[in-house]
Amino acid sequence: MQRIGFIGLGIMGKPMARNLLRAGYPLVVHNRSRGAVDSLAAEGAQAASNPREVAEGSDVVITMLPDTPDVQSVALGADGILSGARPGLTHIDMSTILPQAGREVAAALAERGAEMLDAPVSGGPQGAAEGTLSIMVGGSRATFETCRPILEVMGRTIVYMGDHGAGHTAKLCNQVACVLNLLGVCEMLVLGGKAGLDLNRVIEAVGAGLGSSAIRTNHGPKMLARDFSPGFFVRLQQKDLRLALATAEELGVPLAGTALVQQLLRTLEAEGKGEQGTQALVRVIERLAGCEVKAE
Amino acid sequence: MQRIGFIGLGIMGKPMARNLLRAGYPLVVHNRSRGAVDSLAAEGAQAASNPREVAEGSDVVITMLPDTPDVQSVALGADGILSGARPGLTHIDMSTILPQAGREVAAALAERGAEMLDAPVSGGPQGAAEGTLSIMVGGSRATFETCRPILEVMGRTIVYMGDHGAGHTAKLCNQVACVLNLLGVCEMLVLGGKAGLDLNRVIEAVGAGLGSSAIRTNHGPKMLARDFSPGFFVRLQQKDLRLALATAEELGVPLAGTALVQQLLRTLEAEGKGEQGTQALVRVIERLAGCEVKAE
Amino acid sequence: MQRIGFIGLGIMGKPMARNLLRAGYPLVVHNRSRGAVDSLAAEGAQAASNPREVAEGSDVVITMLPDTPDVQSVALGADGILSGARPGLTHIDMSTILPQAGREVAAALAERGAEMLDAPVSGGPQGAAEGTLSIMVGGSRATFETCRPILEVMGRTIVYMGDHGAGHTAKLCNQVACVLNLLGVCEMLVLGGKAGLDLNRVIEAVGAGLGSSAIRTNHGPKMLARDFSPGFFVRLQQKDLRLALATAEELGVPLAGTALVQQLLRTLEAEGKGEQGTQALVRVIERLAGCEVKAE
Amino acid sequence: MQRIGFIGLGIMGKPMARNLLRAGYPLVVHNRSRGAVDSLAAEGAQAASNPREVAEGSDVVITMLPDTPDVQSVALGADGILSGARPGLTHIDMSTILPQAGREVAAALAERGAEMLDAPVSGGPQGAAEGTLSIMVGGSRATFETCRPILEVMGRTIVYMGDHGAGHTAKLCNQVACVLNLLGVCEMLVLGGKAGLDLNRVIEAVGAGLGSSAIRTNHGPKMLARDFSPGFFVRLQQKDLRLALATAEELGVPLAGTALVQQLLRTLEAEGKGEQGTQALVRVIERLAGCEVKAE
């Protein structure tokens, strides 16, 4: 059984690592703050003091980090994964970062004979805990097939997308669809709400037809319940949109709708609501309409 | 068994009427052009020469017409439903029209002791043929309960939304969500396509997470197959958006996202593509990006 | 000297009519409410009790009315201009209305041998009072030349635009440019304000370069002074945008920017600020940014 | 008379440097490519082989460079200005870059006792040649006053905006207003053009009222003449918008209109038209409308 290293034990990474441990994989972990390390160590993981040590003691190193510079630093920085890499090591980055940055890490590792997969996820903390994440994978197909059993511990839908960066790019495509579905639910509810409709019935009725979306099912009822807890942070959604729009810029792809949602979500950040769930977008649309949507 | 009148035997109305006939309802029909009348007459329906005659010979009159002025004319014009109305008659308007116009017809009928329901549908020609439409109903609850068996012949999800106009308004809410989901799929595919992803896999991967929507499932593959046949006409989608935005104007609801899609869809009308299916929106987004999305 | 009739003595029409009176034209006036009629009668105008009487007693009838249905009613309704029209009469409509509606009035008058010009104005109450309006004229060039001296009493820049409706259309084009310039000033000030710049200096610096606009000069300082008095009502600007977007719809012209401003301005209407000046748009942009722009 | 160094002799920098030379200032110049250096040397400037040498031989060093990394490299890199800085030296950066990056250069220079001004310009190659640029200045007021005579050789409108970074920020504000004015002219022309108006007259008529803008005056006629030569490159306008939106992101300012124009301009880049003038935006708006605007 492969020895797995896991770096980044946050709200997503910790339950993902735990699932690997429970599946019987020997696990060495590292995290910037100590608490999560201790907690997993108590469950049987071994602690490492830096990414280099993790790499030296593992066959496969998984990273689950907030943003592009974090991955660059953990992979390429002093005492980084690269400094502990050897032929045969595989680095699976499950963070959502710039595809181009992922490709650069892969190229640096390749010079040492190490492999890389980009394998960002969708599904949130609940999917991480239940091992039902959707995982989009880029890199060589052979490496993907080798690592598939590991990914299947963490996720239910595993889709091989293509070369290095293809996983990250697919994740950004997913976010583009997400935020426009989100805006659709917000505008629908504000229109219905101000017209005096029972919004639970609107959500129900729309669910049977072409207006339906996973956002409607998951976020619509939270909006009506005035539950703005995350879920997925506004702040991280904005980071993902920044990556999506930067990738679109590089490729020459205009995304007028996505850019509109990015600007509207910014209002939440301007108000210090970056740590709320993305369903709080409805508060911006409400503000523009001078009303509040809620269940009857 | 109630005698049913059916006015408006177009791409939606004809299969809906046929389902009522097959369910055993005595049916009298009227249509502006003669072909569909003859065809249903051959299946056992009785033909009437104008809406007044339909009303005089029915307990329940159903209308399925393109736009607000059509319903106003058929209901309130010379030889219209109103001129043949009597206490106990119910008019069910299943068209998508301005909620306010629907309320005015209801008020006019009420003066003659007749009832009205607004009951627009979602689900397209396929749903009409299969009797699986989603139906959103406004009007008195008692009338709704009386007519429910009739509606259940035509639809699978029947949601009572509230007073007169509530069905129409819910339908417009549905369209708002639809078109933003549609834009989300278009922007997702153009980003992924220009990045060189296999777009069938993008659609598959996104379907497992929060980016999923009924539009992704139904329209995404058509876009990749370059199949722009309707489904739902661009021209009618624009009509529905015009109604949604007019209702939003009346209520003081800004809908920046919906307004953006309306403008982008207009490009298709400017090019004479109003009779294509709404999935053709992707052609506008492609044009802005200088690329074409298609299956590998 | 031609006898002039003037219908519509509001915030614009009254000072325009007064300028004609002062220029020595015999004037017969009509208005829905009586106050303005009495006031002009005291200055030498003759009062008429309906548009027909105005037409019967004039060579040229000018209308200055809020919206399309007002012009249709005054021109074509019972006791309207048409009912008092004769060969040689000219109707100059200086309202901002749908070009198509203007063309229909012109056609109806032409059947009686009467002429029509559409001649909407830009410049606001101040331009009306000072006789410095900008006037965009549609209709036959010969009629335009005959009426030019009258228009020159009211305006300083008189541009012949072409056939019936061309004046109205040009006015709508003007409004499209106006509202995007307005949004430009708002976004500029909110960005500068939140960055801590002295906004008077921003307005000054921008005025020397390509960012300059008449809106910057006129509305920028009012925004900083928190002076939201009209000027030009939000409500009427929205009406003009509705006409512009309806005309664009008819012609198949997508106007994504204009549609965005229309939606943002709607927030003011939703808050009951429709009677403020259009510079109040900055309040919406401020709200989205969580700040307030003002002079130091 | 102060000795001036000038780094960056491109389409803007070269005529600016020449004006300083003609005004009698001793000038030492440096440029990445050699041609412009030789040309100015033939007019009396002295050539330096790197920014350090320029700094060592000057009292005031001016930079006029394309983007943020260029300024960072020239100021802070190997053989950069900083390496040749001494107490009393002043660096005036007239490039358009991220305000935050400018503040960081200023702080680095301050540690060596040197001063910095950020002084970006508006007015284009013509303003540079004629010495009529508009200049927005950030930094200490005393340094500004000392350098004012130098700036007055290059520009006509010199506005002191405040502390370090205030000049750069003001320039970004200017660009926000510019691009929305630009969109306004495009949408106005496409609406008028498709309505069949004579667009020269539209530009004339709008110029007299609140729809007027410097963009209308300068870019409108070029659009009608199908003259898409720069002027100001699409590519650089996009760079400036990227800086403006990044600054807005840092400050928590949503700019929905600016973001829309950025996306629409991207279509030009996607088509390889980044080296056209910004007036080419009209080609995108035309494409959406299926028409072409031009003079009659």
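Labels A, B, C and D are assigned to the chains in the order they are written; within every chain, residues are numbered from 1.
Here is the rule we go by: contacts are C-beta pairs under 8 Å (C-beta built on N, C-alpha and C of every residue); 3 or more make two chains touch, one makes a residue touch a chain.
As the structure is a prediction and not an experimental result, all values here were calculated from the model.
**Q** Sort out for me whether A-C or A-B is joined by the greater number of C-beta contact pairs.
**A** Of A-B and A-C, more C-beta pairs in contact link A-B.
**Q** Quick one: subunit A and subunit D, Cα centre-to-centre, how many Å?
**A** 39
**Q** Can you check how far apart subunit A and subunit C are, centre to centre, with Cα atoms defining each centre and the answer in Å?
**A** 52
**Q** Quick one: subunit A and subunit B, Cα centre-to-centre, how many Å?
**A** Taking the mean C-alpha position of each chain, the two centres sit 37 Å apart.
**Q** Which subunit A residues sit where two or more other chains touch them?
**A** 248, 252-256, 260, 263-264, 266-267, 270, 288-291
**Q** Indicate which of the five shapes (line, ring, star, complete, other) describes how the chains touch one another.
**A** Topology of the interface graph: complete, with all chain pairs in contact.
**Q** What does subunit A use to touch subunit D in their complex?
**A** Checking each residue of subunit A against subunit D gives 242, 248-249, 252-256, 259-260, 262-264, 266-267, 269-270.
**Q** Quick one: which bits of subunit A touch subunit B in the complex? Just the residue numbers, please.
**A** So the residues of subunit A in touch with subunit B come to 99, 122-124, 134, 136, 156-157, 159-162, 166, 169-170, 172-181, 183-185, 187-192, 194-198, 201-202, 204-206, 208-216, 218, 232, 244, 247-248, 251-258, 260-261, 264, 288-291.
**Q** So in the complex, which bits of subunit B are touching subunit D?
**A** Touch residues, subunit B against subunit D: 256, 263-264, 266-267, 270-271, 284, 287-291.
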